[in-house]
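Both of the next two complexes hold subunit A, though its partner changes from subunit B to subunit C.
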Partner chain A sequence: MLDAYIYETQQLLEALENTLLAGESGHRLDADQINEIFRVVHTIKGASAMMEFEELATLSHKLEDMFALIRDGKDPGAAWPALFDTMFAAVSFYNAEMAKLLDKQPPNGDSLPLRERIEELVRLISGDNGEAGPQPDEKSAPEGEAESAAPEAVAGEGKEKAEEPETEDAYYKAVVFFEKESQMENLRAFGIVQELEKMDVRFAFKPADLNAKDAAEEIAQNGFVLYVRTGGSIDEIKSVLDETLFVRSVELTPLSEDCGEIPDELRAKDEAPAAAAPAAAGAGEAAAQEDSGGNGNGGESAPQPSGAADGNGATAGQQASGAAGGNGSAAQSGGMASFETIAKQNFISVSVNKLDSLLNIVGEIVTAQSMVINNADFGDRPHESFDMAAQQLHSLINELQDIVMSIRMIPMSTLFQKMRRLVRDMSRRFGKQIQLEIIGEETEVDKNVIDYLSDPLLHIIRNSVDHGIEKPEVRRALGKPETGKIVLEAKMTGSDVVVTISDDGAGLNKEKILQKARDKGLLTKPESEMTDREIYNLIFLPGFSTKDEVTEYSGRGVGMDVVRKNIAYIGGAVTVDSAPGKGTTHTIRIPLTLTIVDGMKFNVGKMNFIVPTVNVLSAIKPSPDDVFRDPEGNEMMMILGKVYPLIRLSEFFNIHDAVTEIADGMVMHLSSDERDFCIFFDQLDGEYQVVVKKLPGYLEKCSSSLKGIGGCAILGDGSINLIVDVNGLAAEC
Partner chain B sequence: MARIMVVDDAAFMRITIKNMLKKSAHEVVAEAENGKVAVERYKQFLPDIVTMDITMPEMDGLKALKEIMAINPKAKVIMVSAMGQEAMVREAILSGAKGFIVKPFKEEGIIAAIDKLA
Partner chain C sequence: MDEILEKGPGEDIREYLIFTVDSIEFGIDISLVQEIIEYQEASSIPNMLDFCSGIINIRGTIVPVIDMRRKLGFEPRVYDDRACIIVIKLQSELVGMIVDGVQDVARIAPEQLSDSPAARTKGEIKPFTSKIANINGKIKQIISVEAVFDVELEGEC
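Moving on, here comes the complex of A and B:
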């Protein structure tokens, strides 16, 4: 239950934050956005109150009141910026509380400072002259007075005791008590009044003004007192009362006709039975004043239509009192523990570990399947029906695999939207104007990827805002638009998800980077031989940080190597490109959940390799005429009139028993993200679905010799195959 | 035993109400996340009792109440309200709601309310 609460509240907060961000770019909220926010805070309020999180409920209530005010036509005007700030602060507060709950901590944050800000805003919005602020009080005050006067009058002093009743109607007094915590007792009474009006009875009640500010309280304490005059049986009325929700008890006593307690209007002769009720039910002061005048002429005092207590004014008053009431009423204890034990229903949250094992098992099934289907025991015997069964198994396993994968996939949007808030907060702090453009947020990636990507993204964007984008005046002087731009983009490319973060800021400072690398002894090759790109990518080396000062946002020099580590952990890579004065682009490349791939198997000498099918453009039996060397001595291959670099895998991996004659081997035309190229190998060996395993740790340590290898896979026949890292290989040619 | 439809835009509230009603003799036969869906599902399931949130997207609870009352004038609808919604509760009563329950409420409260109407 608590999980459901946290989950949903977080969703709502996210929606709220996005609405705010969208609104802030226009410096105000439109009617739809206001309604939306109102609804969101209202829902949070309800849920928080159910969970007995008092602070959260109270804060939501304040927010709700404020937005009710705006929704009903008050324009914050100059207060918009403060309103946005306060709302963002509120979102942060809620988020912090949700984080505590996730941590199994009580949500003990103090919302008072926020509430004070909201109150201040409400004062501003409603106009300092008190035009709207005190309105509820002004309105409800007289009503309160009227109400307090009314019951006396209704109760009457029985001055006209002597009057003879015309009919043989019986009089009853009913005192209705509602359940202790039923709340809004005045409206519950109003419901009874509505029911009675449908019946052929005359009645009066006290408190006479059900809209009065303290009517609910009075009813809660003293009960709702009904005086009924009926010609028929009282049972009908009794059953109405009994059937009313949250009625705790009804004390029904017959009154004798001459009882002084009977309100005058019930005795009045000339009225149509139903008319008496509206007179009293009408919330208007008119009725109450007439009554208090004691002339007993109830019939005339009914200028308002039945139940016309639309009570807009009164409602505002009640809202105010509701706020106070709400604060107190939620103060019950011990909600959390019991909620936690209640089973969850509609959705379940599953630990990612379980999903991991599920995925692993699916991987094992794929391998086992291949072991069965390609089992050597079959030999050359025909096995048609087995093949059919095997085919069906294969497609089912494929489906299973797709589902397991899709369970783990979530869109980037959650992650990307978080960046909006970061950019907003930071650009304000640094006095910069920055627009964040988000592209492809619907791109789905594995849940793990999102978790590991979060920190690197934050870090890179912080850098862009802090060091990349210049201040408006600088940008103006440089002839750039004053508002800087950061583009955050995600897209799929075959087997990878590529996330790019580009800004149009100052770009990286090559000299400064080199200087720093020299100082820290990080250079591994002569400066003159380094390309710009290599220089820029020095920033990812451990211990490198060009930051001169530590700011709240830019971290403490842990720097970009953490970015690189995090991304490497999920099998990805990050690179940076920059043009001085034009901006910087970070490119993060992450494999999709690559645990199971379709691959082409081939061999070089006795070594078996698998290359992911997505990278394969074609496989060719080459003619020696198509292969030649460029002036630098690199081997090239001509395919359909175009020339591509050719890598002999036997040379690249240093395999000695492999084919060397072009005519005896085969060529595969591969596409990588950077370029298309060809590899030369011995023989193609069919298409397989394989489960990618990481290379054993002891091999990873000698990573320099593992260029071009992305992992390994065990096939059904037990053979070990190396998986070609096409992008890694491309970098070598 | 009554057949109940729970209408609320917050899944959390729907789950809460459903869980609370588990301990009663009643069965939640349908749920709806806004007024529009509620009206459709009402026609489809004809539940004995509806618990209806007031503030919802698409179509609010008041409008849905009115439409349901138009479909079946004897429909039993309990409004689920919060403090601050007095005006809307009032309108709901005038529109034929059988009663209302105020958030936050307790298990006993909602079960008693439904028991009474069932």
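Moving on, here comes the complex of A and C:
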């Protein structure tokens, strides 16, 4: 339950943030966006109240009030920037509370400062338009006022059903008492209202305003009084009441039609049903005018019909005071509707752990399948029908594998959108003008990749904003446009996803980097031999930070190190390139699928390796004449007239039982991002499709270096094969 | 020690898996032990350090294996059928330790345990044996998993 709440709220917050960001770029929100925000806030409010997170519910309530005002035509005008700031602050507040909940801590944040800001805004917004000026404190006035506006208990209506002949309808009065310890009686009552709304009945209830402060108390004392008008059997309603949690007793009495106790609205509801919804919604407007929308009821009208309500406000006017409470429930059904739309999309959320184990099992199935199909027991006997069955199995398993992989793929957009917020907040803080351009956010990658990519992206973008892009006046002086630009791009290239983050800022300072590296003793080779690129990439070394002072956002010198580690963890690599004065580009390269690769198997001594087929250019039986060493001892090989570095894996990996004579072994010509090179090994052993497993972390402690190894795989015969990380190996030659 | 003695018998008794390396009895906190499997030859890894035997495949999970003889400083030998691999869980990963044999599970009360004298004298360097159990005159050395496997665990075991 809590999980679902957190998940849903987070989704809503994300949507909210995106809407806000979209709105802010236009410096205002359009009608659709306002409705969207209203809906989201309302849903959060309902859900939070259900979960009894008072602070969150109250805050949402305030926000909702504010947006009700705006939606009803009050233009914040000059207050827009403050409004955006407040909304972003609110989103952050919610997110922090969700994080607490995820951490199994109570959401104990204090929303009072935020609420005060909102009240201030509401004052501004309603004041700006010079509308019949509601007093500031009226807005925070107790919701109990609703009752003075709508003295009699009020109606929620079954909108669809009006054609029922009225004469046959029977009236009932039900008084529901809740268990003493149930608490939040008004919410329990709200639950009943929601249930009844799903049914084909008309009803009214007392107290009319379940959001009112004293509603809970009143229900506790006098019971929750329901007036029901139904053409059908009362039993259904009785069972709803009986099944409600914490209900202690239900007194159900039939009322005669002319009984004075029956609320007028219940009787009057025989008017054209079409009027019902706009009436309720219009009531929101009417009520808003009456009490400036400051209380729960007045402010809440169902979002959907609001367009109609705008026009119909006047016609609905005479019903307004009576329907104000009903309007509350209509709005609540609006909240319900948005829950339902989410449900209707037919998405379910699944724990990633389950997906992980599913993927693991599929991996095992692939392995087991090859064990069965290549089983030695078959020998050389022909087995045609088996082959056919095996072929079918094979294609089914392939399909299964594809599906499982696709389940785990999610678009980059969620991740990229998070960066929008970061850039926005930071550029304000540092007084810079920055535009973030996002390209290719629809690119899909494995869920794990997204998780590990999040922190690196944050760090890199922070750096770009903080260290990269200059202040507007500096940029002007340099003849650059005042608004800096950061481009975040994702694209697919063959087996990899490449994410680039480029800015048009100052670029990296080569001298400063060198100086820093020298000071910290991070240089491993003579400066004169280092290329620009190598110098720039020093920033990824642990403990490196060129910024002298530490800021809130970056500069602790752990950032880029973490970036590299995180990316390496998912088998990726990060590089940086820069042009002084023109900007910096970070390139992150990550394998698209973390899990299944086509590979060529070979061995060096007793050790078995798999090299991804995509990296293999050719495999050759070498002639000793083509292999030579330069005076420094670097071994090279000539292939078709071109010379490539040659790595003897037995030396590189320190394997003693391997072939040493060039003529006895084999050479594979590999291509990596950086360069083409050759490796020397013992023997080629066929092509396999393997499931990549991560190397156990503890292995770091068992080996002096695991460079050049990207993972491992278990083959059908149970043997363990190490997967060659071609890019890692290329860096060593 | 006083504090420990105040507790009644039965409290704080912990179970240890007793295994032998070069006929010396060692114990390890049984709550760390996942399973015990037959000895099997491990596949080597690149640039393998000498106390490591390589990696093995336990039902699809890759598990690094440590040769306890080498790790604890005994003469290496070729293992036979009596040798076992004790699989333990370290920081949510499995690690195997090859031992000469597994004996039994001993219930050891705190009063039967004493700190290794080496732990006091050596200061910074953690000795592999952290505690010594005296069970009816028989000595069992309780290994410090943190020291042997060079890891930091939450809560000392």
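Everything below uses one rule, namely that the second predicted complex is superposed on the first by the 371 of 733 C-alpha atoms of A that agree within 3 Å, B and C clash if a C-alpha of one lies under 4 Å from a C-alpha of the other, contacts with A are read in each partner's own complex, and residues count from 1 in each chain.
Methods note: a contact is a pair of C-beta atoms (placed from the backbone, for glycine too) under 8 Å apart; a residue touches a chain by one contact, two chains touch by 3 or more.
It should be emphasised that the depicted structure is a prediction, and the values quoted were computed from it without experimental measurement.
Residue contacts after overlaying the shared chain place A:654 against subunit C, while subunit B stays out of touching range. Using the contact criterion defined above for the overlaid structures, shared-chain residue A:42 touches subunit B, although it does not reach subunit C.
In the superposition on chain A, A:506 contacts neither subunit B nor subunit C. Once the two complexes are overlaid on the shared chain, A:693 sits against subunit C while remaining clear of subunit B. Contacts of A:469 after superposition: neither subunit B nor subunit C is touched. Residue contacts after overlaying the shared chain place A:188 against subunit B, while subunit C stays out of touching range. Looking at the superposed arrangement, the partner reaching more residues of subunit A, out of subunit B and subunit C, is B. Contacts of A:98 after superposition: neither subunit B nor subunit C is touched. Contacts of A:646 after superposition: neither subunit B nor subunit C is touched. Here subunit A touches subunit C in the complex through residues 360, 363-364, 367, 605-608, 652-655, 693, 695-699, 701-706, 708-709, 712, 714, 718-720, 722, going by the rule given at the top.
Those residues of subunit B lying in contact with subunit A across their complex are 9-16, 18-19, 53, 55-57, 78, 81-84, 86-87, 89-90, 93-94, 97-106, 109, 112-113, 116-117.
On subunit A, the positions that touch subunit B within their shared complex are 1, 4-5, 7-9, 36, 38-39, 42-43, 45-47, 49-52, 57, 61, 64-65, 68, 179, 181-184, 187-188, 190-191, 194, 243-246, 307, 309-312, 314-315, 318-319, 322-323, 325-326, 329-330, 342-347.
Residues 43-49, 51-52, 55-57, 60, 62-64, 66, 90-91, 93-95, 149-151 of subunit C are the ones touching subunit A in the complex.
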